[in-house]
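Common to both upcoming complexes is subunit A, partnered first by subunit B, then by subunit C.
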Partner chain A sequence: MANTYVLIASNTLSSSAASVTFSSIPNTYTDLVLRTSARSTRSGIDDGFAVVLSSNTNTIYSHTSINGTGTAVQSDYNYNMSNFYAGHIFGINGNTTTSSTFSSGEFYIPMYASSNKKQLSFVGANETNATAVQIGAAALFWNSTSAITSISLSSLFGGDLMSGSSFFLYGIKNS
Partner chain B sequence: MPATFEPIATTTLGSAASSITFSSIPATYTDLRIVLVGANSASGSNCYIRYNGTTGASTLYSYTHISGNGSAASSGRATDDNKILLNVTSTTSTTVPMMTTIDVFSYTAATNRTCLITWSGDENGSGTVERTVGLYRSTTAVTSILLANSGANWASGTTATLYGIKAA
Partner chain C sequence: MDKVIVDCSTGEQTVVPLTAEEIAELEAAAAQAEQDRLAAEAEAATKAAARQALLDKLGITQEEAALLLS
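The block that comes next holds the complex of A and B.
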């Protein structure tokens, strides 16, 4: 039987970049998985992903998230946005936290080529052996029936994605 | 490289239904994963899983969850229950598809069955996100999984896929 968890594309940054984009995503899979390891140049301990799907910046993005610091938990949301606030304080390590630490994250994007509206999930953490760390999860809703053909990720707070950050896009088939 | 993430079965509902069942699950994998995407026929229903044909009389299930609704976070648990809820605090939607993944670990091993559940249910202005760990206190291999709705139906078009994952 064919392997159904297939690497479509990857990008490990050799120098800082404002964004990473996976384009021309084939519609031959059922679901997508995007795994991230990221740190940004933002002068702060944390950052998050701004995610744009299919180059669409209409206000059709929303999220509900939950995150914990080791001592407290909170939940928040944004809606009618022009991009996803994905893991806005737990998706990416900022550049004033422990050196050489990168966040870990995973997007799951089911039925990305369907004509249904899209519900995605994200889970991420920026453990740094410091007190200001976060782990969290988010529900991401894209109020569009269009197929997802590209995924663009950048720093939510305007930094660059740092050298060494890596991104792996997989396709999963259900048949 | 051997295939280690294989589709076992997929169900796409042609009409609303109160449950989806995967049966005759082969014992040839290490773990199972279910991906379910769909709306409901009514908002506010509870969705849950059961294994191996157990019923409401069972007390073999327990679970612990953490949930967020955009303004507050909560955690809770249930013991000696007859099911594992997929959406403990979350509402379901009649228009927006929810997404859940269920990982069932070591489903044929001589141990009790743990699972890890993700629930994503943002609705642009409201919604919830949950993570739940569930336990089925049985060492019997899991051969069937029921995905059920309490008080509502999975809407037409709801799709559930069962994957098998091999450790080697």
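The block that comes next holds the complex of A and C.
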């Protein structure tokens, strides 16, 4: 059971950016948690995160996810990709959602510095004043035994992350 | 297009223009994601249509079908 929760670094975008990267992540924690609040310039209601770990774009990323609006559900999976689909159509508000609204999301990254292959999770909810908006959860597998030293986030569908989007990276120790 | 880099060892934050190679990578990844999204939506629509066709054939509603399986 984790008994510490330390803010390693954070960023709130003051202008739009194609990606946000946390680099030189210290290996002194047991797990990582990355909290997100994001909106993209994508024309549409929904967007998701494309995630690259340790600048590695080899085809070692797999995911499966389930998402829904309350009236419809959808699942999907992709494997051996060059990045994660962390929320295929959830996790980031698209730019046709209600103005000044942002999604909420959380990555949990256990044993990020170990020499084992890595399993991660992501849960996210978009936000808009409408009857239907996507929420979902994804299980992510990184087929690498390397420690995770950086995390890069961008819009899955090529939009920019908008000003006001914020990202908080926490370290957790088990002792 | 810029990228923001937050150095966790120093706390320093820098804004760096993307290289042409990075832009090409992002565009390729976005195109692939869009293609995958359309495929997933088409699959979901096909399943939904097949489900509704079966319900129509049986003459029951989705709620009644769920009741049968509960």
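One rule holds for everything that comes next: the second predicted complex is superposed on the first by the 171 of 175 C-alpha atoms of A that agree within 3 Å, B and C clash if a C-alpha of one lies under 4 Å from a C-alpha of the other, contacts with A are read in each partner's own complex, and residues count from 1 in each chain.
Keep in mind that, in the parts below, a contact is a pair of C-beta atoms (placed from the backbone, for glycine too) under 8 Å apart; a residue touches a chain by one contact, two chains touch by 3 or more.
Just so it is clear, the structure is predicted and the values come from calculations on it, not from any experiment.
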Exercise for review: Please indicate which partner A:138 is in contact with in the superposed arrangement: first for subunit B, second for subunit C, both, or neither.
Suggested key: first
*For A:172, is the partner it touches subunit B (first), subunit C (second), both, or none of the two (neither)?*
first
Touch test for A:29: subunit B only (first), subunit C only (second), both, or neither? neither
(message) With both complexes superposed on chain A, which partner does A:76 reach: first (subunit B), second (subunit C), both or neither?
(response) both
| said: For A:120 in the superposed arrangement: first (subunit B), second (subunit C), both or neither? | reply: first
In the superposed arrangement, does A:4 touch subunit B (first), subunit C (second), both or neither?
first
- First (subunit B), second (subunit C), both or neither: which does A:111 touch? first
(request) Look at A:156 in the shared chain and tell me whether it touches subunit B only, subunit C only, both, or neither; answer first, second, both or neither. (result) second
Once the structures are superposed on A, label A:64 by its partner contacts, choosing first (subunit B), second (subunit C), both or neither.
first
Both partners, subunit B and subunit C, contact subunit A at residues 74, 76
Touching subunit A in the complex, subunit B uses residues 1-7, 10, 35, 37, 66-73, 75, 96-99, 101, 118-129, 131, 157, 159, 161, 163
Listed in rising order, subunit A residues that touch subunit C in their complex are 8-11, 13, 15, 17-26, 48, 50, 57, 72, 74, 76, 78, 81-83, 85, 88-89, 152, 154-158, 160, 167, 169
Interface with subunit B, subunit A side, in the complex: residues 1-5, 30-31, 60, 62-66, 68, 73-77, 79-80, 108, 110-111, 116-121, 123, 137-141, 143, 172-175
In the complex, the residues of subunit C that touch subunit A are 1-11, 13, 15, 18, 23, 25-27, 29-34, 36-37, 40-41, 44, 48
